[in-house]
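Letters A, B and C mark the chains as written, and numbering starts fresh at 1 in each.
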C-alpha cells in the first residue's frame, strides 16, 4: 500500500471514480472523432469534386518525411503503451523513461512536420501566404494544400497538447502520484495519445499516398 | 382591409394535386389534434381530483397485455398512415423533379437582388416572367453570387438557385393571370425586395408580347456576338489556328476527358469549361484555355451556351 | 469506511453568500442557478429582438426598422434563442440541478468540468454579444455559404466564434451527464427505475457529444474560409455550398431534438405527479427518447429538399423523417393515456404541461406536412416552417421549461410562489402563443417567405394578428419573472415534497443540503408509483406517496 488514494466527495470509492474517469475519456474521444470527422468529410467532398487535382497535389507532398513521421508516431504510441503498463506494475522509473520517450518522439514528429512545412513554403505551396503553383488545376491544388495545412495543423495542435500532457504525467510520476492502485491519469493520457496517433494513420494515406502508385 | 385570402390561387395541375395532399394532411392532423385536445379536456374533467369517476384498472398481466395491444395499435396506425402519405408526396415530388421533354426553355439568373430572365428569342426582363398558358415551361436557373430560391406560390413550387451550377424548375400554368414571384432563400439586405411577377398570358397574347418585346436578336444570335466579344472565336472559331475543341455538334454529346473519364456536354459542362477550364480538359487538347471566372456575367454566358446549343446540328462528329 | 459518512451540512444556498462563493462553486445546484440567471438574461435579449421583428411586420412596408437592421434582428433572435437559450435551457438549468438528485448522487461525476462549461457558455456569450454590439451579424442563424463567407459585410467570424465556444460548453455538459447517469446511480437505481427525465437527459447528452463537434468544425472551416479566402464551401473557390448545408444540418437537426427531448422528460415527470398515476408504458417512453435521438441523426437532409440534392436522397430522408415522428407520436398518446383514470390536480405546472402536450401535437403534426416532399417544396422557407418550429420550440420547449421551473421552484429555492398568478400566466402564455403563431401557418401556405423585411399587402391582416398575439405572449413571459422573484423574498417556505411526488429529489429537504442527501438512498421500486386514490390497489408493496414515505426508498446508513 502506497499513500491513500484521494476520492473526490461525489464518489463512493476509488473504483467508481476510476470507472467514471474512464468512461468520461471514452466519451470525449467520441466527441473528438466527430470533430475531426467533419474535417474528413470536407476533404472527401472536395476530393470527389476534383479527383485529378487531388492526385496531382498529393504527389507534391513530401512522401519521405511523411513516412518517417508515421514511423515516429507509431513508435511513440508503443512507448506510451509501455509506460501505462509500467505504471500499472509499479515500475516508476521505467514509467517515467517511457513517458519521456513518448514526449521526445512527439517533439520529433513536430520537428519533422515543421521541416516539411518549411519545404512546402520554399516550394511556394502555402495557400494565401505564398502559393505560386502553375499549370492545370492550380486553384484546386490550392484547395488541397489548404486542407493539407488545415488537417495536419489541427492534428499538430492535438499532438502538442498531448506532449504537454505527457510531460505533466512524467512530472507527476516523478512526484510519486501514481501507483498500481491509482494510475487513471496515465491510462487516460494513453488513450488520448493513441487517438492522436490513429488520426495520423488516416491523414497519412489520404494526404500522401492518394494515387501514388 | 378585411378582404384577405386564406388560400393562395392554384394555377397548375401540380398545384391542384399538392393542394389535395395538403388538405388531406390538414384533415388527418385536424382529427388527431382535436382527438388529443378532446381527450385531455375530457380526462381532465372526468378524472379531476375528487371526482367520483370509476378508477378501477386491470392489474398485473392483464394490464400488461392490454397496454401492449394499445401501444401496438398506436405505433402501427401512424406508421401506415405516414408511409402512405409519404409515398403520395414522393410521387408528386418526382413529377415536380422530372420536366417534360417538350418544355419551352427560359433562363433565369439570380443576383443580389433581382431576377434576370431571358427567353430563347432574346427577350430580356427583370423581376418579371411572362409565360404562355397551357404550355410547359422549363426554367434553367443559376446565380451570379449567393444562393437564391425561385418561388412561385401559385404553382406550389420553388427551387434553390445556386452559384456555379444550374438547377431547373418546370410548370404548366393553366390560366392567364398575374402571380407572385418570391426569392425564398435569404440572400442579404434586400432579400425582401427580390420579388416580382409571373404573368401568365393567353398564347396569342404571349406571341404578341414576344414580338413587341425588347428583343433585337435571339439568345443564340446574342450569344454569337458574345462569342466574338469575349474572344472565344479566336480559338474555337472556324478559322482559328489554335488547337482547340470545335463546338459544332457538341451539345448533348458525350465528351472524352484527358483523365480518362467522360461527361455529357450539358449546360453545366459548358459553364464549368468556361469558368474552370482546367477542371475538365478534353482528351487530346492542351490545358491552355484561360479561366473566365469573374470576367463574364452569368447571363452573357447563358447566351453563349444557347449559341453553342444552336450549333448542335451544325456539323456533328468533329468533337469527340 | 469514513468516506461514506457525510457530515450533516446546511442547505446549498447557505453555503456562502459572496459573489465569489457562487462563481467558484462546483456544486451542481449552484451551477444550475448560474445557468438559470444567464439563460434568462439571454432569453429576454432574444425576446426583445423578436418583439422588434413583430413590430416591424405590422406594416407591409416595414416602416419600423431598415432592412439591414431587420436582418440583424432576426439573426440575433435566432442565434441567441437557439444557442444561448433553447439548447442549454432545460439541460443546463434543471438537468444540472436534477440529474444527481434524481439518481441519488452527491454531485455530477465531474463537478469542475461542470463549472468550466458555464464559463465557456459565458465566454461564448460575450463573443456573440460583442459581435452584436459591434454592429451585428446579418447571415441568419444558419450562416449559409457563400453569403456568410464572401458577401456579408458584418461580424460573422466573431459570432461564429461565440457559437463555437458555446458548443464546447454543450459538449462538457453532455460528457458529464452521460458519465453521471452511467456511473453515479444510487444502489438499486437500475436503468428501468430511472425517471423518464433522466432518460431524456441521457438522449440529449448523446446528441450533445456527437453532433456539437461537427458544428464546431464546420464553423471553424467557415471562419477560415471567410478570413483567408481559400476553402471548401464557396463555388467561386472550387467548393460546394451544399457541403456546408449538409454539415450544418447534421448538427442542427439533432440540435432540434436537444430542444424538445428535455421537454418530453419534464412532461413525463409533471403529468404523472399531477395525475397521481404511473406513466403509461414506461419502457416505450424510455425507448422513444433514445429512438428520437438516434434516428434524429439521419434526417438532416429534409432541410434540403429544394436545395438541389438528388431526388432519391430526398425520398430516403423523407421516409426517415416520418419514422422519427413515430416515437414522438407514441409519447403524446402515452401522456394522454396517463391521464386516464388518474386523479388530476391543476396546479400551475400541470397547466403548463397540458399546454405543452397540445402545442407539441400541433407542432409535430405540421412537421409531417413538411416531411412530405411535394408539400415541402411549397412550404419550405415560408412562414409555415416558422410557425411549425415555434410550436415545437416555444409552444413545446418553453412551455415545458416554464412548467419545470414552477414544478421544481420549491425544491430549488425553498419557497412557494402564488399558484393563482402562475395559473393565470400559464393561460396567458397559451393564448398569446396561439395568437402569435397560428396565423403564421396560414401566411406560410399563402406563400409568405421567411426573413422578409416587407411583404405584399394582402398578408397584412394575418401579420397584425400575429404581432398582437406577440404582445400578449410578452406579458405572459414577464409575469413569471415578477411573481417568481417576489416569492424569493415573500413566498412561504416550501416543504420537502409540496406536490406529493415520488422522485428521489423530493426525499431530501427543500432546498437540498450541499451533498444532496443526508445519506445516500437505496431504491427498491420503479418511478411514479403513485397510489391510486380510489379503486383496487394493484401492488401495495410498491405504492408510496408523499413526503417522508419510506415505501420505495430506504436510507442507506453509512454501511460497508
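Please note the rule applied: a contact is a pair of C-beta atoms (placed from the backbone, for glycine too) under 8 Å apart; a residue touches a chain by one contact, two chains touch by 3 or more.
These numbers were taken from a predicted model, which means no experiment stands behind them.
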Quiz item: For the protein chains shown, what form does their contact graph take: line, ring, star, complete or other?
Solution: complete
Quiz prompt | Chain ID, smallest distance between chain and overall C-alpha centroids | solution = C
Practice problem: Go ahead and note the Å separation of the Cα centroids belonging to chain B and chain C. | Solution: 35
Practice problem: For chain A and chain B, let me know how many angstrom lie between their CA-based centres, rounded off. | Solution: 45
Quiz item: Which residues does chain C have that touch at least 2 chains other than itself?
Solution: 238
Quiz prompt | Residue list for chain B, restricted to those that touch at least two other chains | solution = 276, 279
Self-check item: Sites on chain A at which at least two other chains make contact
Solution: 50, 139-140
Quiz item: Once bound in the complex, which stretches of chain C touch chain B?
Solution: 62, 67-68, 71, 138-140, 142, 144, 146-147, 150-152, 235-236, 238, 241-242, 275-276, 280-281, 284, 305-308, 311, 314-315, 318-319, 322-323, 325-326, 329-330, 332-333, 336-337, 339-346, 354, 357-358, 361-362, 365-366, 368-369, 371-378, 380-382, 442, 445-447, 449-456, 458-462, 532-536, 538-539
Quiz item: In their shared complex, at which residues does chain B touch chain A?
Solution: 259, 276, 278-279, 281, 287
Quiz prompt | chain A to chain B touching residues, read off their complex | solution = 50-53, 135-140
Quiz prompt | chain B residues touching chain C - in the complex, by the definition given at the top | solution = 1-2, 4-8, 14, 17-18, 21-22, 25, 28-29, 32-33, 36-37, 39-40, 43-44, 47-50, 53-57, 59-60, 63, 67, 70-71, 74-75, 78-79, 82-83, 85-86, 88-97, 112, 145-147, 149, 151, 153-154, 156-160, 162-165, 167, 180, 182-193, 195, 276, 279, 293-294
Practice problem: Over in the complex, which chain A residues touch chain C? Could you list them? | Solution: 7-13, 16, 19-20, 23-24, 27-28, 30-32, 34-39, 41-42, 45-46, 49-50, 127-128, 139-140, 142-143, 146-147, 150
